[in-house]
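Below is one structure; the comments refer to it alone.
Chains: A, B, C and D, in written order; residue numbering restarts at 1 for each.
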């Protein structure tokens, strides 16, 4: 079990080995960070939101921060995507999936029949709506600022009888689990990314993702199409494409894009060159191993060899050799 | 001011004239509903989340429901988009923008200097972070289930001294405003849509949007491109494009799309035909006037006349007339 | 064997049953016309070039004319394509392939060893270059105005000892064949089309072609691409695409296009509509059975049913039915 | 005036300084060659057809050959294009335009009223059809193997009274011009290219063309489109696109392509790389100054600097620098 601290006066110039995460102990974000081998045995710093986590990385207080990026119960896509677009020089260095399971916990001695008031973060509360309606149709709800404080509150006030919390809450608090898997969607998963400013881009593994943010040169019909052709003409598949308002004017969007492949894959590098020329503003967010470890299949036409062969051919043409 | 009720036993077959919204009175969603002329003087039904709001529409309890769809402080894009994808036969019949301003309120007689504990919904609390840090650096926070209950709580318990609330809270509660415009982003706006199952598609105004959800036939590189070409070849511009996980398998996405134009515009209708043939699953979410009332500019090549002329030409060719 | 005449004073208003072809009797064009069942037993009119053949059709002197359109030894692509672009209201109603075989003929009693001078059309002469070099390295060449007049000249003057001619020349002249298949390319084929102004478009057979000529709206990079997307987005394959100078200014091109499919195929009709809207000038040259009778394979996505289903779906949406 | 010879025994290994052209002296092809400064004062070799001209280049008998490539009266597009596709290692090193004007010539003492029989190459004869019909409605025609031999024949036999010839025929033969500009299309132009195997690619001038021949990987709908996207995504315009049958099977085509720009222009080089990867068979035919000297306009997005900047950016990303 890694140690946890809250360093406050570490100088930014020193190489920090601290990892930031949305705390407190017991959150899904902490569960994601627990998947990172490099973070084992290093100091972990609990923060309150995505902005604080990225501040830690930018200031050098932390070497990296774990943040939720998709389908999150603890923060959400938009805030993270917008932060990545606006804070320069960040790099995603890893991707992690955490199943979103909830447990229903209470102080020792409490049974389901005793529960009248439930403490829960509003988002988690909404995600357990069906189970609560069926089992506790007439309960009351006290909102909490996070899934973990919901559980912690059981010891602090007598207002609530039970709480909705992440499964590993029992490692941190002496609570009894009254019910497991109470979320409405049993296959729910949150996707997290580990973000750094100093860790080098992970080596290509053959099962990689590359994340980007790009603006369109104008908003006429077909501009997005032309941008996406930069990927299609190199055989590069997208696994994510989302428009996000730029914020400077209504109707102006940037696109958050995940590509299959690594910046050191020839076809991805070439697509990045094409995108850079086309788009007035491209942010490279990093290349990193996919959480699902599924290898990217590429036809020979778009394999590294095809790029090397084509360059050799072109070089020969320019040198005056035969075609 | 419209009346509000909580109808529970209205038969689904009767034509309801009730409008559902995320309550209670005073929310931004209510402010959006207040922009709807047809809802004036009709019963308004306050609900707790998007799912309840759509349930009201599907069951016939309400004629329509106002729900946040983008950049919301009260629900968020993903939940709404997924609900619209999964609940059949819904139609968006209007779009409304509400500026996201927050006020800092207290019971009469309280001054800023008196405030030690703040009641606030966690999302609103995060959005006023800068102001709170500057003005009340050492305050405590009690979370609320909504922006309105934060304010209402001031009368119910003595725990909090002030609350973060929407500007129109003072219409519903006898509170004093200690500070206005305390949100970190003064230009923040939430986009709402009014959803129905029975109201006919609004007439084309020349300043319309059409919302869709579509799946790709396969996930090879270029499939999205081919889908978007269905729009580009008809000169149809997109104002929104977001990928959302379908949920049946990791990596399978559907796309939420907003087009400029109305289903009764020739180019939009033709693009819908192309999309329907291409995609294994298309959901039409409706055509409705844009909230910003900005007219869609179309070059002659893609105007209605061009479509009518082309059909006349083709009909003549098939009939054997000259070209 | 059909009869042949040279009608000169037939009034244009009367319905002619004459077929024009590049003559005289014995040409490859006549061989193509011999493949047309409807022309059997009707008067055939021999003309001197493509212009005359189309004049016959336009004036009503002939019901149809057979003209070479690709890889011809008797006229050539460009002249035909330009004529079809400039003469209005013509329709291609059939396509025919004729193998380009040449025979080496002489008057009775002549042997190969006797041949010193060869009469041949310059194009045919060039196509038999290899055989002549090998067999008659030191012969002389007298040019002829056509492949048939080359053979006919053997009776008219004593200048030439042998001639290069089409295989069926011996049906028309009492000549002996000294060598067969003397062309350099044994698989050479000329493609002919039968052109009319009055014959209705042939019915769809499932193995059809549609021919078009279209101009681009402007000459920026990508305009051609946008035009071709009108076909690709409907799953319509092209079997021919050629740029031809429009002639009004250097660098302005029109495109001659053959599509797989018939104007009554839904996907082709829809692509024609898209093309008509996109291009400032489209000429429909006809839909007709392919000479090779190879059926056009279409995936379900682009089949007629997909078009009908999509229209039904759209009609339902507009009528307010469920999606 | 350059000298002309007919070298036959020059060893292929020696560096020839001879230029081949479709002769004899006086042809339009010779007029094109007269536009080449480097050919002045060098031996010119008259040949009979495109095949012989390219043989001279391949064998080393000539340093270069002038051949007609578009809209020719002396050879034609298809033969040249097919030869360029099939003979390896040829390079186009220059492009030349020659106006196609014809003069009507006769022996001294002959007047128009005396002319009964006209000697003319069949193609030239067809191109002067309107003038001949108007001025000499009842003349006879004797075909010639070339425009120049038509004129030369006036001295060799007494059969013809006049001939159709290129304007500069009077530099080579003592003939009188009875009429000028007798071609049906006064603005007709033939485009010629100078082809070599040893002359280096001409330097980029800003007003260049690049010629290619490429095959498609398969013939499904959209394969051509994907190929053309390789150009469009780099902002490379096409000035020529023609499909030509490959010849190995009916319906298999290769594409003859002229691009605006030079292989040393970044966007063209990058497009060639993309094309090479996409196409199973690409032939580079050369980059050379445009005959019309019109500069290629390129938006900044596709200028050389954009390519250099993008590469610098990518190199920085890979090296771990900021974006």
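In the analysis below, a contact is a pair of C-beta atoms (placed from the backbone, for glycine too) under 8 Å apart; a residue touches a chain by one contact, two chains touch by 3 or more.
To keep track of the chains, here are their UniProt names: A, B, C, D = Prephenate dehydratase.
Keep in mind that this is a model prediction, so the values were computed, not measured.
Student: Per the centroid of Cα atoms for each chain, what is the distance between chain A (Prephenate dehydratase) and chain C (Prephenate dehydratase), given in Å?
Tutor: Centre-to-centre distance between chain A (Prephenate dehydratase) and chain C (Prephenate dehydratase): 62 Å.
Student: Measuring from the mean C-alpha position of chain A (Prephenate dehydratase) to the mean C-alpha position of chain B (Prephenate dehydratase), what distance in angstrom results?
Tutor: Chain A (Prephenate dehydratase) and chain B (Prephenate dehydratase) have C-alpha centres separated by 25 Å.
Student: Any chance you could list the residues of chain D (Prephenate dehydratase) touching two or more other chains?
Tutor: 222, 226, 229, 232
Student: Select the category (line, ring, star, complete, other) that matches the graph of chains linked by touching.
Tutor: ring
Student: Which of the chains touch, listed as pairs?
Tutor: Inter-chain contacts occur between A-B, A-D, B-C, C-D.
Student: Okay, in this complex, where on chain D (Prephenate dehydratase) does chain A (Prephenate dehydratase) touch?
Tutor: Touching chain A (Prephenate dehydratase) from chain D (Prephenate dehydratase) are residues 88-89, 200-201, 217, 226, 229-230, 232-234, 263-264, 269-270, 272-274, 276-278, 282-284, 301-302, 306-307, 309-311, 313-314, 317-318, 320, 322-323.
Student: Taking the complex as given, what residues does chain D (Prephenate dehydratase) use to touch chain C (Prephenate dehydratase)?
Tutor: 49, 51, 70-71, 76-79, 121-122, 125-126, 129, 141, 143-145, 185, 187, 189, 219-222, 224-225, 228-229, 231-232, 235-243, 245, 247, 250-251, 253, 255, 292, 294
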